[in-house]
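Right after this note come the structures.
Both complexes shown next keep subunit A, but they swap its partner, so subunit B is in the first and subunit C is in the second.
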Partner chain A sequence: MNEDLYWIGIDIANGLLSGTMLGGYYAVISIGLALNFGVMRQVNLAHGDWLIVAAYLAVAFLGIANVSPFWTLAGVIPVMYGVGWLIQRVLLARVSVQAAERRGMAPSIGLMSPLLVTFGMSIVIGQGLLALFDANAQAIRNDLSYAAVRLGEDLSVSTLRLVFFVIAVAMLIAVQTFLNTTHAGRAIRAAADDPEVAALMGMHPARVHAVASGISLATAGVAGVMIGMSRSFQPFDGPTFLLVAFGVVILGGLGSMTGALVGGVILGITQVLSGTYFGPSAQLVGGYILILLVLAVKPQGLFSK
Partner chain B sequence: MRRPVLKSLPLAVLAAWSLSAVDAFAADACTITVGRVVPVTGPLIDMGRETPWLDDNKVKPVNAAGGLQVGSQKCKVVYKIYDSKGTMAGSGEAATRAILQDKVDVILAQGTPDTTNAPSDLCERYQIPCITSDTPIEAWLLGPDGKPKTYKYTHHFFFQVPDLITNHVGMIKALPGGFNGSIGYLYPNDPDGTIFAMLFDPAFKKEGWKPTDPGRFAQGLPDFSSIINSFKRNKVEVVTGVLAPPDLQNYLQQAAQANFKPKMYIIDKGTGYPEPMKAIGKAGVDILSVNFWSPAFPGKSKYGGYDGKGLVDAYEKQNPGKNYSPPLAYTDAMYDVLFDALQRAGTKDRDALLKAIGETDLDSVVGRIKFNEQHYSVQPLGGAQWHEVGGKLVKENVYNAVYPSVKKTAEMKLYQSAK
Partner chain C sequence: MAASRPAKVTAAAPAAAAVPLLSIVGLSAWYGELRAIWDVSLDIHAGDVLAIIGANGAGKSTLLKSITGLMNRGAAAHTRGRVELGGRRLDALDTGQIVDAGVTLVPEGRRLFARMSVEDNLLAGAFLPRVRPLAQRRLAEMYRLFPKLAERRLQVVSQMSGGEQQMVAIARALMSQPRLVLFDELSLGLAPAVVDDIYRKVAEIHAQGTTCVIVEQDMKRALAVANRVCVMLEGAIVLEGTPATLSEAQITAAYFGTER
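Presenting the complex of A and B:
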């Protein structure tokens, strides 16, 4: 009897704790997608694949210098920022809503084309990674992935996930502070609210968007290194993470940064708890049902402005 | 005296020339084209990793010697690789191309039902001799209705499922220090997971063991903590399942974090191959799985003269930094079966060749191959455990009660008990 009670307590505590930590991991994966949508009204279908690119980049860096995996961030973040800036500037800016309007096309084309372009990009990235790295499962070796902070005999928190949670919060604060207090951040928000008026005020929406896209992929860089540290990955793993990111962004509200964290945590807790009480087969389903419920009741998401 | 010689000289030259012309023509006509259907890209790449090294290893020496002696002729062997992409559709397309477009003489296909079954069916349809392996016999033999298919043109060799069950039950019984009877399942909701659960659950229950079955879960499950807690709660000592490498890694990490350490893991799928195990790293040490091939297997290759160890040594010497994986040996044996049958048939004529393949009784690096009425040959298996030897992961054969001919290369250990 007492033992049953003990396990009931453990189940709940583990659900909340593991779920929250899982949520931090989900949030880091999703922040880039939320930012992309919030600023440019653009859905980047290649988001998941860019995460995997970042993971491979980290592997490549570690191949050159044998350092702690966290140091690879110093290389991955700038490279991913550059890539994000570049694809926005030379590729996506040509098919954006503004570009469509400039050419006298319907704005709906400007909404549709980036979807198609990023969908194609997703395929190209997968195949490109396969050609460059072959299909071997890769992993970023580290000592933390098997370590845990022990809270009791049957209750513990993954050290790595705890670190990710801290990173998620830090990243969120950093991005939010950047958007709120710096000139570039304000420009990004202005361009998001009304690109035409922003342009009239002397801003250059295309440049602003490129910066936003760069930041988005820089966060994807952090997420990619994280993914690589917690599991093995292969060239075509990207779309799975895109799905997770979509779920989180829908829950938290499209474009909301805080929403990404809270959405991630809610999704994580729901998954772990439904797995505990309805069997592991219910874990992912529980998360999807939650997303459906939120879509039905509050389609703009829980934290949408 | 000199005249006849002079007179006959041009004739002799002519005769010699015409003879060699016939020869050349004949050699051309007797070239044997082999269509190799293998996963070179896609999820099953571990099954096709050694291609084309192993093809060259087999074919080049034969061609360098002028060809294979088939009847009175020396026949060159030409192979072409068709990527199955590791999918049913991909392997079907690959075999169709080989048969209809390139008109190969024979198909050799390998690597899970996804790569062997469609080519087998197509060979039956187009009446082309076909040899397959690296798929458990039942997965190749039984049709969708669960009844054995009748193969006329395809021959298959690999291990059979009843042996696998005997092997795993035996390994658990051999658990050093005894077993408390509490066994945990990790069978996901995919074809392998469902079939393994269906086969093993009754066998374990028959032994009187008490299973903790969390049910069939989706691949890519993010959180294993509740499963691990239920294992802890029921004092599970043996955990068994079929997990794809990323899931296995995720599970092992969370088990380590929760400080859950059963005495034994028997996990199949991916665990037979060095690359996924390297990616998993230290936590993969001491995991048990079926050993469907290692150099511990008995037998010698007829065309090559080496045993399993010789083959592995040659591969690892010529491909520095790479470790062999089991399909290396099965492909080697497929070529042996083909060459041997060709020589006994004395022709590449389809019917004679088929008859000769059917009558195969040949020693190979995967043991003796002898096909039965239903066109398959049962090969041995054993119990493998990954040990760390001098900082390197080595697949040792630690259990051989089912096939004592497979040498035991190390003693079975409890899962990471020393640490």
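Presenting the complex of A and C:
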């Protein structure tokens, strides 16, 4: 009897622990989406595909230089920042609310069209990756995949997930600090709130949005490398991760970094515990049931004010 | 709108030869197809407190938005005419450049960044590269001007009273060290005691050498602080002068567009 209790305790402790670690990884996957929506009221349906692009980018970098996968971040982050900046400036800015207004169209067109454009972008990215690479699954080999940190006799945590969790927390703190304490960060928040008044402060909402989009994809770059290091991936895997990101954002509320982490952790724990008690196939279902419940009870997210 | 506009009556002799700080010549503005301002010409001199009064829809806010470039929005809104600040054309510049040149607007309804703290709102006002190095000094000056804001510097502005929010809006605009501040509907929605307080602050700001334009529906308040008044009706300036030279009856008639 006592042993049963012990194992139940261990199961739950393991679930909480690995769920929390998984949550950090989920948070990194979602920050970009949350930032995009929080700042530009723009739902980026290609977000998941950009994660996969980053993973392929890391593979490409590793093809050139045989280094630890973590070093690829040094290349992936700036490239993804540049891509984010560019697509906002040359593509998405042209279909924004302000752009619609300038052309004498209803603002609602400016709300809808980025949705269509990023949906199209998602298709183009998937097909592009298929053409550039192939349909075979890729993975970023690393030494940490099978390592674990033992916390007790029957309690351990994957080293890779632990490293990801630390990176996630560091990243969330960095992004939040940037938003709170720098002129550029304040401009991002101001332009999100009221672009017209932001212009009165001397901010250029279009430029500010480009920076925000760059940061958003830079975080997606980190997430993409994490994805590549923890599992295999294929050109059309993006939408799966988009769903995860949406889940996290729904749970945590938009535009808050703490919300992303807490949302990620709750989703992670729910998935791992569902998997433990109802079998591996219940993992995803458990997560979605939670998301549906939150949508039904508190549609503005658990942590939004 | 009527095809012919009411003619402007100027009650005071034009101000002595001095070069105006802001000069507006033949300014018109449209929202889409709808013309909201008709050929407005107006000089604002350094040290003025100019009150612009008029009924709802008279074009007062549109005039302020036109000066600050907020009406340059392609098909949605545009302007025509000249606006010069100390001889420099403003009408071709974007809003950020106009604010950088020294004209700023305290918008109607305050329009604070609602989720930010008092201090973040003020620092947002110091975004321009010219102002950034002075941000902390300006912040201290604003807290001296509005001690109440210093006490609440970390409070989120959406939790503050209307009067306090108006103070934040004014301080935020002043962060950029403007030469000319345009106040849109300064007293709207505020309790009379709070309005007294706000107007005292405006007097202080003016005393420190900032030129002020106040758009106001409360005629008596405006006349009490202004050294010049203009009345707008249906998108045009129909009466201009000084509070001393204009009678209340004249202003009322212009305000409502009734026969004198």
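The definition used in the following text is that the second predicted complex is superposed on the first by the 302 of 305 C-alpha atoms of A that agree within 3 Å, B and C clash if a C-alpha of one lies under 4 Å from a C-alpha of the other, contacts with A are read in each partner's own complex, and residues count from 1 in each chain.
Quick note on the criterion: a residue touches a chain if its C-beta (ideal position, glycine included) is under 8 Å from a C-beta of that chain, and two chains touch if they have at least 3 such contacts.
As the structure is a computational prediction, the values presented were derived from the model and not from experiment.
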Partner chain(s) touched by A:Ser213 [first = subunit B, second = subunit C, both, neither]: neither
Dominant toucher of subunit A (residue count), subunit B or subunit C: B
Which of subunit B and subunit C A:Ser156 touches, first, second, both or neither: first
Partner chain(s) touched by A:Ala135 [first = subunit B, second = subunit C, both, neither]: first
Contacts of A:Met201 with subunit B and subunit C, given as first, second, both or neither: second
First, second, both or neither for A:Arg189, with subunit B first and subunit C second: second
Partner chain(s) touched by A:Ser18 [first = subunit B, second = subunit C, both, neither]: first
Contacts of A:Arg102 with subunit B and subunit C, given as first, second, both or neither: second
Interface residues, subunit A side, partner subunit B - complex: 7, 10-11, 14-15, 18-19, 22, 130, 134-139, 141, 145-148, 150, 153-154, 156-159, 230-234, 237, 240, 268, 271-272, 275-276, 279-281, 283-284
Touching residues on subunit C, where the partner in the complex is subunit A: 32, 68-70, 73-76, 94-96, 99-100, 104-105, 107, 111, 113-116, 120, 123-128, 131-132, 172-173, 176
In the complex, subunit B residues that touch subunit A: 41-43, 45, 189, 214-218, 220-227, 229, 232-233, 245-246, 249-250, 252-254, 256-259, 275-276, 279-283
Touch list for subunit A against partner subunit C, complex: 98, 101-105, 180, 183, 186-187, 189-190, 193-194, 196-204
